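What follows is a set of structures for review.
Common to both upcoming complexes is subunit A, partnered first by subunit B, then by subunit C.
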Partner chain A sequence: MMAWFAENSLLLGLALLDGLAYAALVFMVAVGLNLVFGVLRIVNVAHGSLFAIGAYTAASLGLFFASRGLPPWAGYAALILAACLVGAVLGPLIERLVLRRIYGQEEVLQLLVTFALFMILEDVQKLVWGVQPISQDLPMKVLGTVDVPFGEDVIPFTIYQLFVLPGVAVAVLAGLAWFLRRTLTGRVIVAVTTDKEAAMAMGIDAAKVTLLTFTFGAGLAALGGALASPTTSLVPGIGAQTIVLSFAVVATAGLGQIEGAALTSLLIGLGRSVAVYFAPEFEVVVPYIIMVAVLLVRPQGLFGVLETRRV
Partner chain B sequence: MTSAITRREAMFGAAATAGSLLLAGGNAGAQTKPTELRVGITTFLSGAASVFGVPARNAAELIFEDINKAGGIGGVPVRAYFVDEGPGTDHLVGEFRRLVQNEGVHIMFASISSGSCLACTPLSDEMKKTTLLWDCGTQRIFEEGKHPFAFRTQGYGTPEVLAPLLYLLKHKPDFKTLAVINQDYAWGRDSWELWKAGMEALKPGVRVVAEMFPRFGAPDYSTEVTRLLAARPDVILSTSWGGDLVTLVRQAAERRLFDRSTFVLPVAEASMQTLGKTMPAGHVIGARGDHWNNHPKPKDPAKLAKFVEAYRAKYNEYPIYPCHHMAQAIAAMQAGFARAIAAKGGGWPNDQELANAFRGLTFDTPTSSITLREDGQGLEDQIVGLSSFTEKFPFAVPKDMIIFPAAMVSAPVGQKSVEWLKTLKPEFLAQVPAPVAG
Partner chain C sequence: MSGSANSLSRPAGAAPARSLGEGLPALLGIAALVLVAWAVPWLKFVLTIALAKGIAVLGILLLLRAGQVSFGHAMFLATGAYTVAFVAPFQTEALLLLPLAALLATLLGLAVGLFVVRYRDIFFGMLNLALSMVLYSLLEKLYEYTKGTDGIRVSVLTFAGLRPERETQEWLMFGLALLLAVLFGLLVRAYLASPMGRALAGIKTRETRLEFMGVSARRVLLFAYVLSALMGGTAGALVAMTSRHVTPQLAYWTSSGELVFIAILGGAGSALGPFLGAAAFELVRVYAAAAVADAWQMILGAVLLLVILFAPGGIWGMLAGRLRRSA
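== the complex of A and B ==
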């Protein structure tokens, strides 16, 4: 075993770097989904659409800025602007018009409604952006690459994937933890997550909290999409691919667990990249193998807590 | 005023009705000309493969508009019924039956996905409805069974993989290592099996340093790119397409993987517009046929230019290969109906007569002619070349093109592709035509 590690240490090092970048992207989407579930108690299938629309909006804004002759760095403004726009516009719209009507309803109904919303938003994407792949990679290109030593060789990595994506993910995790534990608004959100009825009895406006949380979660999904957009091609169906993996992260982490989402994303990111190097046939199933393994041992997820249910 | 009907009268009436119905059935061979020619078309209108399906539908609408302006087919205007392959095979099978039984389509076009074609072709047998396989590539259709009502109006997996392999062996004969990165579904796996069989026969001893099949629609290939950078293969094969190929090429180009290895991309053509100048020059690219915008010697240059310009004018982009495949299917349909009507002395053909007309049919495309073999498979030439840039196009087009005659790169009738590829000898390379300028 040790001999295998020694023999493959260089490749494992590369896998670690790849896994970190991938985990960062997965975390950005899953954390929003997790946050929304914690407060709204709704598994929002349309979260994938918010990721996709965030990505498309960021690419469109980036292309617009470039066509206006703005410097390549403006691409970063496009990423942030897109996340804010999508979160601020679609978040309240969806929460007020759709989700508010299904709070407390049966889970099957909630799933069906958010799935219907997902399908509608998929068609909206096609109406607005068409079906051909859209790319806008200026934010990645402007930073260039860095050569990582690999024995006597070097492996070029993009600085965007090696530093920007993990950096933003860590910042979001730290920011969220600080916001939820150190600010009044954050504590109110935690109170509603923990016991909605008690929080309302204390005078907390739960409706306002759910609106705020969903808007914030939508913004995080859109930010995930915006950050992914420079590295990928945007095509119909990108939201569906994302939401499936996000569900695996959320289920493994435990519903409503922010740090759990971070750790699970890391596990999945590293597991997947190690699989690409040493057992590529398992690449696709690694996230789900991890999920099943965790749920068999801890059905409530890595960080989830067992809840009593009134029957 | 009312009148009572006796039992005898009722019996007589019923017998007369049944007799007239029987007579009508007996005259089914004498078809009357319909008021419209209904065409059922299955294509991807949703999901990742809509990057192919929607442009193909656009091409069909454009061409049908022209056909109808010119008086239709056999004097009958054409009406298309589009069905989405996106929801899956079970849904598609139901839709195929609905189009034939409820909508009464006269001919079916199916499909983009090989899985869809494998599901629809037996239906064409069962329902005796002429079905043109307009885009799917699986070799299994005509190699694993006979389908008297199905005809493929373009090439298929075997020539589409063998032609780039032969090109590579001519262009870079001394390569020693190869890696593959294909999408994890039927085409990705089948195309690798075909390539491997051909490569082992034509150039034994090539070492495969990586076999990767990332999931279909994967948004990120950075890990795979790192592994390929570390493995340093002489050649990287990818039959990926759509957004997957665009992402792979962009990530690989950004990290200079194209500088280390020669890429072979048999389905590259459809992604060249999206990639623009990002696609590096000097790599092997294919188009699943011979319909490149810079075809060196198209059979009918004016017709090719007219189609390309009409499509660009309406949709603000160049047509990609699924558009050409749709145009080929429509050209085949026109030729098939013309032949069937002529064989019937101007009468409208029934289903069997229409199917008979397609067997052995040769029809013209803007770039060449395609003949439908006795097994139903179309023989379409393949053009492969090296990615390059000219002043005429804002995206990569091939140079040093080799036009592979369809019959040369297709498995003979009655033989299975993988088995046939295994019988090829290195001397086969001597038959490869010389490159022509773009």
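== the complex of A and C ==
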């Protein structure tokens, strides 16, 4: 066992660093999904489409900025701008026009409404950006690489994946924890999540909180997409891939857990990248195997709390 | 639940559709299907696929009665389809392949069912999704056996030892799908009216009460789950034999979503709903894809939204309501 680790320490190290960047992206999408579920009690299947549209918008804006001769650093402005734009436009649009009509309806119907939104957004995305791969990796290139020593070997890693992605994820996690626990708006969101009726009886405008939370969650999905866009070429179907993965994270973590979602993203991100290096054919399967294994032992998820059964 | 005239929240026995009788609409539907298949030959293929999917959706309907939604039932459909594709080179007899495919899907349903019936709601849905994605990934990645995303071409089949002409074969597949659809429809109707079927609605309203009565909710749900896997496998075998080509896409989560979509579109209040829904779904897909190649998904999505927002009883709910008013 120890000998195996010693032999494969290079690959394991690579997998660890890769997994970190990947986990950071997964976390941003999953935590938005989780937040939205907490307040709306709806599992938003279209969350993955917001990720994809965020990615495409960021790439388009980045290419536009570059074509205008703006400095390469403007690519970062494009990422942030894309996330805000997608969140602020699509979030309220979806919540106000569609979701608002189905609160309190059956879970099945709610799930299906978001599935319908997913189908619509997938085609909107294809109509706007086409089906040819788009890539815009300037934000990643401009930072260059750093040489990571592995024993005698030296492996160049992009600074973007090594520092920027995990850094943003940690900032999002810390910011979110602070926002939800220390600010009035955040506490109001938590209150609505815990007990909507009691919160409303206290005079909290639940409709406003819902709108705010959904917009915020949509923005997080779009931010995940925007940050992912420099690292990969964008093709139709990335939304569908992303959403199932973040379902796996949310279900494994247990619903309504922020730190739990972060740890689970790490677990699943690392698990996947270890698979990429050691058993590539099982790369896609690993997150689901982790999820099934966890739910076998803890049906409420790693960090979930058991709900008491109603009689 | 608010009084949104929602067919899902109605207890099984109180469905107004039942008191009206489903026999006449069913017979009319069969006649219409045969007529359309005869008058517009190329639609025969579309309708055969629709009937097959309708059978799979019957299984979704059972789980919906228990308030559970599976976002992974395409795995049983894919199991049935790939069984046909794998075995066809060695055994070309369609009438043997079909039960074999159904059997394997049923066994998988039992294995998966024993695990997933312990969970409810979101966890039930997501576990089904996860397991179907495992199957999808295996079908996609084990290229040596499955040819990956290219899929497998199903070799030419024989029916009762005969190798009929293409036209005859299409009619045979259509007839087979129709026959199985009727049989499974009747089976589901009888099952839902039985105590086991009635208990499903108990899982949805208050499971604990069911257990106080000494009924094992897990067993009730497991029975429905295995039955739904059987129908999924049968549907998959029919799809593989009709389209003669299987791809991992059959197991992707969006295919599972489509099945739930069809269930809601047709209306979950009656065993006729899945077939109405499947026919409408496949026809809209075919015509929308022909009219606007890149936006057919958008059109289907919009139809789904409109149905849920404005006609939550589905097509069957609308028809039944119309019939009731005119009666």
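Methods note: the second predicted complex is superposed on the first by the 307 of 311 C-alpha atoms of A that agree within 3 Å, B and C clash if a C-alpha of one lies under 4 Å from a C-alpha of the other, contacts with A are read in each partner's own complex, and residues count from 1 in each chain.
As a working rule, a residue touches a chain if its C-beta (ideal position, glycine included) is under 8 Å from a C-beta of that chain, and two chains touch if they have at least 3 such contacts.
Computed from a predicted structure; not experimentally measured.
In this superposed model built on subunit A, subunit B and subunit C take up the same space, so to speak, and clash.
In the superposition on chain A, contact is made by A:232 with subunit B only, not with subunit C. In the superposition on chain A, A:284 makes contact with both subunit B and subunit C. Of the two partner chains placed around the shared chain by superposition, subunit B is the only one that A:145 touches, whereas subunit C remains out of contact. In the superposed pair of complexes, A:296 makes contact with subunit C only, with no contact to subunit B. Using the contact criterion defined above for the overlaid structures, shared-chain residue A:122 touches subunit B and also reaches subunit C. When the shared chain is aligned, no partner comes close enough to touch A:163: not subunit B, not subunit C. By the document's definition of touching, neither partner reaches A:179: not subunit B, not subunit C. Once the two complexes are laid over each other on the shared chain, residue contacts for A:104 go to subunit C alone; subunit B is not touched. Here subunit C runs into subunit B after the superposition, and of 2-10, 20-28, 38-46 or 74-82 the stretch doing so is 38-46.
In the three-chain superposition model, subunit A touches both subunit B and subunit C at residues 122-123, 126, 281, 283-284.
On subunit A, the positions that touch subunit C within their shared complex are 43, 45, 98, 101-102, 104-109, 111-113, 115-120, 122-124, 126-127, 240, 244, 247-248, 250-251, 255, 281-285, 288-289, 291-292, 295-296, 299, 301, 309-311. The touching residues of subunit A, counted against subunit B in their complex, run 10-11, 14-15, 17-19, 21-22, 25, 122-123, 126, 130-135, 137, 140-141, 145, 150, 153, 155-158, 161, 228, 231-238, 241-242, 272-273, 276-277, 280-281, 283-284.
Residues of subunit C that touch subunit A in their complex: 1-2, 4, 6, 8-9, 64, 67, 69, 71, 115, 118-119, 121-123, 125-127, 129-131, 133-134, 137-138, 140-142, 206-209, 252-254, 257, 260-261, 264, 294-298, 300-302, 304-305, 308-309, 312.
On the side of subunit B, the complex with subunit A involves touching residues 46-48, 50-51, 53-55, 184, 210-215, 217-220, 222-224, 226-227, 229-230, 232, 242-244, 246-247, 250-251, 254-256, 271, 273-275, 278, 317.
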